[in-house]
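Chain nomenclature is as follows: A, B, C, D, E and F, assigned in order of appearance, with residue numbering initiated at 1 for each chain independently.
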Amino acid sequence: MVDERTERGTTELWVSGTEEPDWLVAGTDEGAQLMQKEETVERTIEQRGTRVIDDFVIDDSIDSDERMVVNMGPQHPSTHGVLRLHLELEGEIVRKVKPIIGYLHTGMEKTAEELTFLQGPTNVTRMDYLAPLHNELVFSLAVEKLLGIEMPPRAQAIRILMTELNRISSHLVAAATNGLDIGAISMMFYGVREREMILAFLEKVTGLRMNHNFIRPGGVAADLPDGWQDDIAGILDRMPEALVEYDQMLRYNHIWRGRTVDVAILTEQEALAYGITGPTLRATGCEWDLRKSEPYSGIEQYEFDIVTASNGDAYDRYRVRMDEIAQSLRIIEQVANTMPLGDYKADDAKVVPPPRKRIDESMEALIHHFKIYTEGFKVPEGETYVAIESPRGELGCYLVSDGGSKPLRMHIRAPSFANLQALPIMMVDSMLADTIAAIASIDPVMGDVDR
Amino acid sequence: MSEMASDQESEGEVHPLVVESRPLPKATVLASLIEPFDDAAWELSFGQDVVVLPRAQLRDFAAAAKAAGFEMCVDVTAVDHHRARRERFELVVNLVSQRHGMRLRIRLIIPADDPTVPSLVSIYPGTNFFEREVFDMFGISFDDHPDMTRILMPDDWQGHPLRKDFGVGSVPVQFKESHQVT
Amino acid sequence: MGPVEAFLAGMRVTFGHFVRAFFGGKGEVTIRYPDEMRVKPQRFHGRHVLNRYPDGMEKCIGCELCAGACPAHCIYVRGKDNPADDPVSPGERYGFVYEINLLRCIFCALCVEACPTEAITMTQLFEMSTTNREDGIYTRTELLVNPDGTPNHMFTEDPYADLGELVKADGWMRAAAPGGRAAYEGETAWTPSAGIGARPPELGQSEPVVDEDGDD
Amino acid sequence: MARLTTPPNLLTMTLGGAVRWAQTRSMWPATFGLACCAIEMMSTGAAHNDIARFGMEVFRASPRQADLMIVAGRVSQKMAPVLRQVYDQMADPKWVISMGACASSGGMFNNYALVQGVDHVVPVDVYIPGCPPGPQSLIHGILTLQDQIVDGALAR
Amino acid sequence: MDGWDFLLIVIRVVVIFVMLMITTLLLVWFERKVVADMQDRIGPSRAGPWGILQTLADGMKLFFKEQITPRKVEFGLYIAAPILATVPAFLIFMAVPFGRPFTLTLGGEPREILLQGADLNIGLLFILSMSSIAVYAVVLAGWSSGSKYPLLGGVRATAQAISYEAALGLSVIPVVMYTGSVQLSEIVEFQRANLQFLGNVIPFIPNWNLFLLAPSFVIFFIAAVAETNRAPFDLVEAEQELVGGFHTEYSGLRFALFFLAEYINMFTMSAIAVTLFMGGWSGPTWDGVLPALVSGVLPTFWFFAKVVVLLFVYVWLRATLPRLRYDQLMEFGWKRLIPGALAWLMIIGVVLAWRQFGNPWS
Amino acid sequence: MVELILFVILSAVVIGGALSMVLGRNPVYAAMGMLATLFGLAVIYVIQLAHFVAVVQVIVYAGAVMTLFLFVIMFIGVDKAQSMEEGLAWQRPAVLVVVAAIVAAVGGLVLSGRWEWITGDRITSGGQLAQIPEAPNGTIEAIGESLINRWLLPFEATAALLIIASVAAIVLAFYRPRRVSPATEDSE
């Protein structure tokens, strides 16, 4: 029996449970990775302290022969990209889960060592592709910390404005995909519809819908365009209505509540032990938001509340995200009303390219221009870690410079990467359908996970 | 073992990264945390608290830190100082204390010939993925880790990509007329 | 909210959208591309063009700054000395080979910011799909605008391509031109191009703040 | 070149033409989202761009029922076998669109981890530049593909 | 039974077949358009005018697509399953009257021509039996694919079908008791009168079972949605969980058959609901006022109009509601619908007995 | 004539289905064989104008019972090799004895010319088979009459018996022996 089991472990089905060609088994044998240690019933119940769906069938006298191993992903509609889950099922009940990642590994941390600090944002912005501006911001903050330069208030305000808008758009995608995963197809369209409005603004400012390369070390790439106040006003006008609509579609709906309340519960202790941050942590009742505890880019000037919930289930995570949208709208309104005037890049000719007009006027400016765009600017030796609150949690950047114009090491602490560790503990002994709700509720972005 | 010796030897090379240094306020959490550890050195890097530890003490220190209120370990990563330093690798662990509202970074010097570190998974379960990533990317393996396998790269991958001696692996970009002579 | 009430609330939302879309078509937000075009913002990052001065001279001087700034290394430039009798560009050199591998390009516009002579700018063309990799590599022939300023396209017969988008070609260049200095906002700091002429700057901050120290 | 902008004449259509007409009007994409481009693919399906106009909103999760694989995003070395298998599982006739710089050529990530162009793994019919290509760029790519099919260049 | 009768049967069968095919074509398009409108989109618009030929394109494409047979399948059942899905779907509609019978003189004698496949005296039971067969297709498809997700879909389908079959049957019994017949034509005939309530005849309101047996209608409709595996009960093919459920491994024409069966089932279920609860083809015909041809066609028009209303509700539900979980589905079926149906059945029984035998205290 | 042809065809279907059920290795195919049998019987009922019985046969047996069978088969897992061990040592001889007894009984009846015992036909005094009376329109009434009025007690008793049997089956199915000792578990 033991042999049979281990043998089965290696030859699991690949994509959507279909046949596997022979050569593929030789290609990558991820299936050979053994599952984690088996959890006993007592430990599971003690650990989760939650309702166990079938108190009857959990019985370790059932030999694992009755379990069916299913590979969900990497190509599966609800794994939010290329997450692969190794599930052991008993009927519809998931007994063990192992997330297998790396299918989107892009080697960005290696590429970062090849790019200058000026080009760096183009690289990091592609990590968490739902919140590109946050990635740019954390990288820029880290570089600026090493450089020791201060941002002018307008740059800081623009950064906050853009990142909070980005947070809304990211949470909208989370809500949309969450709705789609649980079968509410219209939510997907409604969520993306509002996101489209925000993207239109981001595009107007940065020229790109995603992966903006807008927040750079030393400031932001361009000023806000003419008439930005009207667009912000439009967003502030529309979003509250949309939130009411979403609530009517999902939040009050009893099917939705049935699918999410008490599903995929994570306690505060578990969340802290597993380094889980962001809405997933706040849904467990832990009041931890880096915007409050370690304010960055002048966000402490604006009033907003930390949204928390108490149960730590999928419903709470959804609710925290939706309420955070409202809080972000508050911040955006304040930023728009108090947007300071003045420079939007640091006043440091070694770091910031000169205005275009200066190139014609001043030889020194021209030389700076050439130097910045060819070899980049030099960053003093040192190491630092900067963290901001991305839509998914603590987004950190650990940056080591050896004094050159390229980082010696750039590491992004990806929130999704840590949050993904919550999947096995929150999914154990849930229904198969709940795994979908669980994945959607922690909103992983695989680009962020695999980098 | 040779760890202690290597730590002492490399001490002079660790400190170049320290930008400023100020006496540690005795009353702080940090002071009481570091006190039992004789070999721990405290630094301030850009206003952030950093503790440099010999690697044998990592687990004890982490346990003490957890008891002292550092509930979360948010990040484990490594740096490869290939050719720049004799002791090639450096492990960086980031701890967060919500109770005290502070962060603490632990740095460990790891020699290239014996890249092993005690695992923190038993203390901070959340370091599981991070340690696997460090193993995958740098080849630093963690003792007592429950599942020390590759995480990002395919299982049969050769080499550890983030080491400095691992090539980027770029291919030439295609162009049409680049053969034209000027 | 009771179950039935909540159920009806959700049903009302979808039905409301249906009524608005079905009777009067007001609810629909769809843009009927290719029959109608989206209104693209001025700073849109589209396909590159190589500009000319109004007299037809090429702006590119072959300095390779764009190639150096490109994070994807997708630009290949080689400069060549201008022939004395028939200069191609006003400077000493001109871009003899200029290629962009658009399949590698990430449209970050760093090349536009880097170019000291505003030679390379971005249009609003986004119709660039090709059926082979080779067609994704745009050479100087396609990138360079015609002497009258109209852009070339690799597939001139492409019915979907909106070739009249050149007028906004330098949007990002102009947006990035002040270089973060409020004092330089609202100032025209670029030379006119063929087909476009001199483009006014954005208004910038409604109350421009004078930069105290002035130099950088 | 026969273009989709001119409607085909239903009376004079040959059987082959009719089949090609059906194939272009009902091209069901497989849900093969990888990275940033997948989000833009999602936006293409959403209300503002509404890929349903081309009869393509039927994203099939099962590759058996899909006609079109939109490789939306970067393909890592680890993902490449899976990609190939999904392609193999699709029933003929099938087409592949390589969406975005990373899928087409590796994009800015010219490194060890990525397959430098998905055409190393599967045959690609249409490449769409952009990083990520906007929804309308994707629609343009789809129209290009449909044109090719109607022209018979890619008819299978 | 002479040649004319035989010919008429053949014609009827062919007409119903063609009608169902055309209805499916339009129904898929209708669904996609309505869902699109609910989501602020346009929907199919490029295949034919307003995209009306969209389904035709889908069908043609699927027809000319390769049919993959994976290595692990149980071939016989794998092939049989799509056919088994389609045949009952067609058969069910045979019992449903979709228009007023009319008389035509053929072969020298007047014949009454029914707009119905066959006027079975056990029509309702026939429908129930056929719909209970339809589940085999899903189960067998899931099992014979030799793959895990389809198997899970098949298991879900079985449990779901058994549960909701019971609710469906129980919700129909009050109608049978109230109208006193299981023959569909008689049930329609019964509903053509004006509404009778507490012994009073209420003018202008038809005697639809919908009004007096509203709980039955609600239960029937919910069970019908579940029977046809439509949202929010579409766990069988829940794309987000099971990729495609039972039809994951099907491609080309075989998949098209499943697709066809699903939409025909949706249509027939609506048609049955209309027949049982909404008066079938009954409706004002203005005989004598309008030309005979028009008033002859009008009942069919009313029938389809009512069906479209119900189909709209189907689509509307799909656009709005999230999907239930497996255990919730079972719970809803066994703990809500079936007890509810039983309770309602008892109430109706008592009321009818009272009406028939009088006050028990007297 | 048509009826005879249909009867022959359907009999073939019924017998074939029954055989494939008994002989089929694969439980799903066996279930399908049984389904064919049930269907064939249903159509035979229709030919006999017992529509109601036919429909109930399909609804109850094909629709519910067989579906449950399939459900159970799929849950248990059909991929496993079937256990060929016989639980009862005297099973085969017992079956042989029973079969022999049935064959002997039928043969005896046939030989003695008592056809009506088998076919149930009434034989008129003239030695001719009695004409099968036309089934009354709406056999539901007839069945209802006999089930709910005439044979009410046996009917209810049967229902109660079935419920008891199914409850017992559930109890048996879910009975699990206690774990022997933790040591054996560890050794696994």
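As a working rule, a contact is a pair of C-beta atoms (placed from the backbone, for glycine too) under 8 Å apart; a residue touches a chain by one contact, two chains touch by 3 or more.
No experiment lies behind these values; they were computed from the predicted model shown.
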What's the chain with its C-alpha centre farthest out from subunit E? B
If you average the Cα atoms per chain, which one ends up farthest from subunit F? C
Top chain pair, ranked by number of contacting C-beta pairs: A-C
Per the C-alpha means, the centres of subunit C and subunit D lie apart by a whole-Å value of 25
I'd like the Å distance between the centres of subunit A and subunit D, where a centre is the mean of that chain's Cα atoms. 27
Could you state the distance in Å from the CA-based centre of subunit B to that of subunit D? 43
So, what's the distance in Å between the C-alpha centres of subunit F and subunit A? 60
Give the residues of subunit B touching no fewer than two other chains, as numbers and ranges. 152-154, 161, 166, 168-169, 173-174
Scan subunit F for residues touching two or more other chains and write them down. 75
So subunit E residues touching two or more other chains come to 36, 38-42, 155, 239-240, 243-244, 248-249, 319-321
Contacting residues of subunit A [partner subunit D, same complex]: 14-16, 18, 20-21, 24, 27-28, 30, 74-77, 81-82, 102-108, 110-111, 114, 122-123, 126, 129-130, 173, 176, 188-189, 192-193, 195-196, 199, 209-211, 446-447, 450
Residues of subunit E touching subunit A in their complex? 35, 38-41, 70-72, 147-150, 152, 155-156, 231-232, 234-235, 238-241, 243-244, 248-249, 318-328
In their complex, what parts of subunit C are in touch with subunit E? 7, 10-11, 13-15, 17-18, 21-22, 27-30, 32
Contact residues on subunit B for subunit A in the complex? 16-17, 19, 45-46, 48, 71-75, 77, 79-81, 84, 92, 94, 96, 98, 101, 103, 105, 124-130, 133, 137, 146-147, 149-156, 161-162, 166, 168-169
Contact residues on subunit C for subunit B in the complex? 72-74, 76, 78-80, 96-97, 99, 101, 104, 133-134, 137, 139-140
